[in-house]
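Next, two complexes with chain A in common: one pairs it with chain B, the other with chain C.
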Partner chain A sequence: MAVASNENAMRTSRVTRVLIYVTLLVFSLFYLLPLGIMLINSLKPLSEITGGGMIALPQQWTIEPWLSAWSSAQIGVEPTGLRPYFMNSIAMAVPAVIISTVIGALNGYVLTKWHFRGATIVFGLLLFSCFIPFQIVLIPMARILGILEIAGTTYGLILVHVVYGIGFSTLYFRNYYAAFPTELVRAAQIDGAGFFQIFWRIMLPSSGPIIAVCCIWQFTNIWNDFLFGASFASGGAAPMTVALNNLVNSSTGVREYNVHFAGAIMAAAPTLLVYIVAGRYFVRGLMAGSVKG
Partner chain B sequence: MAMTDSGTDFRTRMQNWLPKIVLAPSFAIMVIFVYGFIAFTIYLSFTGSRMLPTFDLVGWQNYERLFRVRQWDTAVVNLAIFASLYIVISTIIGLMLAIFLDQKIRGEGALRPIFLYPMALSFIVTGTAWKWMLDPAIGLEATFRMWGWESFTFDWIKDSDMAIYTIVIAAVWQSSGFVMAMFLAGLRGIDNEILKAAQMDGASNVQMYRRIILPQLRPAFLSAFVILSHLAIKSYDLVVAMTDGGPGTSTWMPAVFMYEYTFTRNQMGIGAASAVIMLMTVAAIMVPYLYAELREKK
Partner chain C sequence: MGFLDINNVTKSYGAVEVLHRVDIEVEEGEFLVLVGPSGCGKSTLLNMIAGLESITGGEISIKDRVMNGVHPSKRNIAMVFQSYALYPNMSVAQNITFGLEMHGTPKPERDQALKEVGALLQIDHLLDRKPGQLSGGQRQRVAMGRALVRNPDVFLFDEPLSNLDAKLRVDMRTEIKKLHQKLKTTIVYVTHDQIEAMTLSTRIAVMFNGYVQQLGTPKEIYDTPENVFVATFMGSPAMNVVPAKVEMVDGLPHARIARADGDDALLAFAQENMAEWAGKNILLGIRPEAITDPESADRASNSIAAMSNRVGVTEPAGADTFVTMILGGKDVIARMRADTTVAAGEMFDFAVNMEKAVAFDPQTEARIKP
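So, the complex of A and B:
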């Protein structure tokens, strides 16, 4: 027990330690419970749920709810299942993530390595834009999308997510490049390297981690967005979150809880997968998102 | 700094302009899509816009009406209840878990991701899970009754006085792990030498936390407060997914109010006014924080 602690100078009694472990376990149950309940209930027939057995394991295992949620459940008026909306979300998120990350990288590079007057103000304006409540832009955005004739389409959503993603992606790259030795850039300049050459040959090769952080953050945010999707793309172009909400909150017909849970896990799967594969970068992104660069 | 002789040709001048050219589109986008739009919405909040934007100025009328509408009252009171409980409970749980995890816990590497994964989920997913778990017909209440506790009742989500608290539960579930991560990072940054010295002077664990550790976590407390209050003011998805504002309008929050008035009830002027109030509230919290953060780094 009494191993010299190098991580924490605190000494705790055995009773305290047991209490700590119990508390931590209780909380991990609390965090895991909703996911577990969704999973087991997505694999049982509806009658077992309405019979009051939400906590119990399925007596009769079935993947029927998953098939239904994916390809035949009623979303709005069409019995299409969630698949087309899942595809919408992918078609929306992938380009939006790539474009906003590229722009963010270039902005961060300019703001840290090519000082000019007003750079701080530009950055301040970009930074504040990360934190505005998007309600303030909904009305004019709807107008602009209408004028550009991309209202209600995936293109419209890509534009919206790029526009409001630039703030965060710039923030990430700026904070990362600020720590990158400027002497290297100056030396390359003296050797005659141009603006894009320096970016391509010197900055990008060492940007791996921040590209991962930025892509993961943007992907999580864009995939999980509901407000923009509900405002600008209802109907056939709706993203996954909007379709899931339509499925769960439709007031007609029998409530198929098992199908709802299967759909919810589908909507959660991509971001959960990213979290499991690259959790380290996800946490870094969250921390940097709280501005601690 | 630039070359002065034959170097001042087109290419060099181009190179000097390139950084600005590269930044220009983002700058233009910001000016139009963020600040222009904000200005537009502020302008609309002073017009008589109903279903579509119009440009007839009506003075402060929308704001006067906004503060007389009962639903706005509900929304503001709900936000106050939600935000204070959400911030306080998430901070307490987050801090507790961080302190516990910092006690050389075996399996920390497995526990941390479990505490934090809800943050990766959409509020719509979170809302769906909790909506049905707290639903009296099939969730917690039904389960306890089936286990034989016949009188067990937990129907807050159907009760217009209590429904807002079920949203607090789901929101705390989603974000408290994130608060834990912020505090844990803060705790790991504290110099152990100070703690050892204090211990040698006979300080108890509780004393060390109260006198030395917690004061050093001030920045983490501040970040947690700012991030959580910002999330609270913007919360929309979770309410829509869990209660859709109901029962009745009992769980409306400002974000729900804005959406409903603007797009469903065709009261765009009032909707714009509510958005402006939301922006002002966020700005009052974020601007001083960002300003301090930026200055610190210089």
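So, the complex of A and C:
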């Protein structure tokens, strides 16, 4: 019996195991190849790239392209590098993520724990906003930003992204709070806590995973957005994505591919970092509510 | 006016009335248990006392103050929930003092109250832990601590023991009873467990279908149930209710009940006015412990009727042995001594304590009162 109990469907032979790992290794190498090429080429002088050595390791390692992309490359007509636009993107994404997450959490809290007439319809409409294509709202949004006199500024972009983000953040928090025990809210009511006290003291401290999910999602979307950035904030207020495009397209004379590669990695770095730091919460948060405990 | 006065209270959701004219007066220090099967409206009534559900009609007042529309936190009540509802992000100490904090009690007083409650419930060593690190029984204590610390007028318990395992439930039951005897606070306690209702309460309200079927002391509920529902819901095993016909034998009313084989059994009533029902059908209710062997029949009873019947199954349960038989076409359970010699299939002479028997009108299912 002892021998038989060792045999089960999950046990695989050594050969199969090796095969599995080799396959996985090949796949991950293939997946990482573009990033590798970008990294390699951003660390070599331009002459090595134009000389045809795209795949080869640099013969002469240099961080010059990175410095150039960051602070001195030609963006449009100004030789400012990507730094000011990187800061623009930070100044846009951070407030927009925070505001849309807080509003989404409040919406989710109200929709699940303070039932009011028509709550389902309100939620349905909010959900609907997730499916409206960006292009449709460009012109009305431009008009509104004009009326509010924040067209062409980072504030304008923050507003646009908050409005667009509320649908998703509400969806996340509503579903998370739907599984949150209502008895806790009732207990807090009897204890004398008010609407916002219950929210800050009871709901939010238990919302870690879903806050992580919401922040990752919003940050990735807002940071990577190009259309709104190009439409509503060209020039000095442009976000990183637009500036990267300008860097690549507006170089006079020689195309500095190594600088372009460095700039592209810079533009991708924050979202990559967010995934690495908070990625495990992302999966955990998405699973929360579906499985108890 | 009672201490807690539930006056003609109704509750409707849209056109559906789920609670019908509930009228209960609770005196100070009383332990009222609302008991009934799920969906009978007992939790709804409790939530209305707490202020978590609105009152459709009638009035609820505590200490002569009408509570309709008053916010839960301003009713000076405390509630223990079925799931305990401990705030998962706070320590035990924070959980207990949260209500005081929300009511603006200064820190030194909160600490003093926390110390007293911690000692009373023997949870002082747990104060720094999070609810997730506690066992079921400990969580239960913390939930009670959170209610106690507020020193409320009325305690509300919503099935507080139903999440505990059987042994712990019995322990906590005793502890709640001790606590009530010590603190003499007014308690309204909801449960579907009739044993909890019997052991804890000073008075029971048995509820079914949104009506209070009977309100009375545990003894009244057990010995003189108002109707068949109360009779069969309270008590374990349930009261035997069998169809019978009233007949006059030698000028005295008897119940004629069909036996499994042979002729009918005739049991003389102790209740004299049963003569008025002569010739009519009734439902006869007999508790299992009122059917015994002749030696262990209640000596204080003046009305022991002998009845022989064929034994169906015997079920030894340790302290007692339950014996089933067929009577009036129904399975009837008798509670015998543990070491009884009754064997399945044989004829046996049972003794029926007719003083404990109750008769019901078969149409209305209401008890025929003496």
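Operating definition for what follows: the second predicted complex is superposed on the first by the 256 of 293 C-alpha atoms of A that agree within 3 Å, B and C clash if a C-alpha of one lies under 4 Å from a C-alpha of the other, contacts with A are read in each partner's own complex, and residues count from 1 in each chain.
What we mean here is this: a residue touches a chain if its C-beta (ideal position, glycine included) is under 8 Å from a C-beta of that chain, and two chains touch if they have at least 3 such contacts.
All values reported here derive from a predicted model rather than from experimental measurement.
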item	value
Touching partner for A:Val110 - first (chain B), second (chain C), both, neither	first
Chain B versus chain C as contact partner of A:Ser206, first or second or both or neither	second
If touched residues of chain A are counted for chain B and for chain C, the larger one	B
First (chain B), second (chain C), both or neither touched by A:Thr241	first
Chain B versus chain C as contact partner of A:Phe134, first or second or both or neither	first
Partner chain in contact with A:Gln74 - chain B first, chain C second, else both or neither	neither
Which of chain B and chain C A:Gly124 touches, first, second, both or neither	first
Touching residues on chain A, where the partner in the complex is chain B	5-12, 17, 20-21, 23-24, 27-28, 30-35, 37-38, 49-50, 52-55, 103, 106-107, 110-111, 114, 116, 120, 122, 124-129, 131-141, 143-144, 163-164, 166-167, 170, 194-196, 220, 223-224, 226-227, 230-231, 241, 244-245, 248-249, 257, 260-261, 263-265, 267-268, 271-272, 274-276, 279, 282-283, 286-287, 289-293
Complex contacts: residues of chain C adjacent to chain A	50-52, 71-74, 77-79, 81-83, 85, 87-89, 98-99, 102-103, 146
Interface residues, chain A side, partner chain C - complex	181, 183-184, 186-193, 197, 201-202, 205-206
Interface residues, chain B side, partner chain A - complex	15, 18-20, 22-23, 25-27, 29-31, 33-38, 40-41, 44, 53, 93, 96-97, 100-105, 111, 113-126, 128-133, 137-139, 142-143, 145-146, 173, 177-178, 181-182, 185, 192, 195-196, 199, 205, 208, 219, 223, 226-227, 230, 233-234, 236-237, 240-241, 244, 254-255, 258-259, 262-263, 268, 271-272, 274-276, 278-279, 282-283, 286-287, 289-290, 293-294, 297
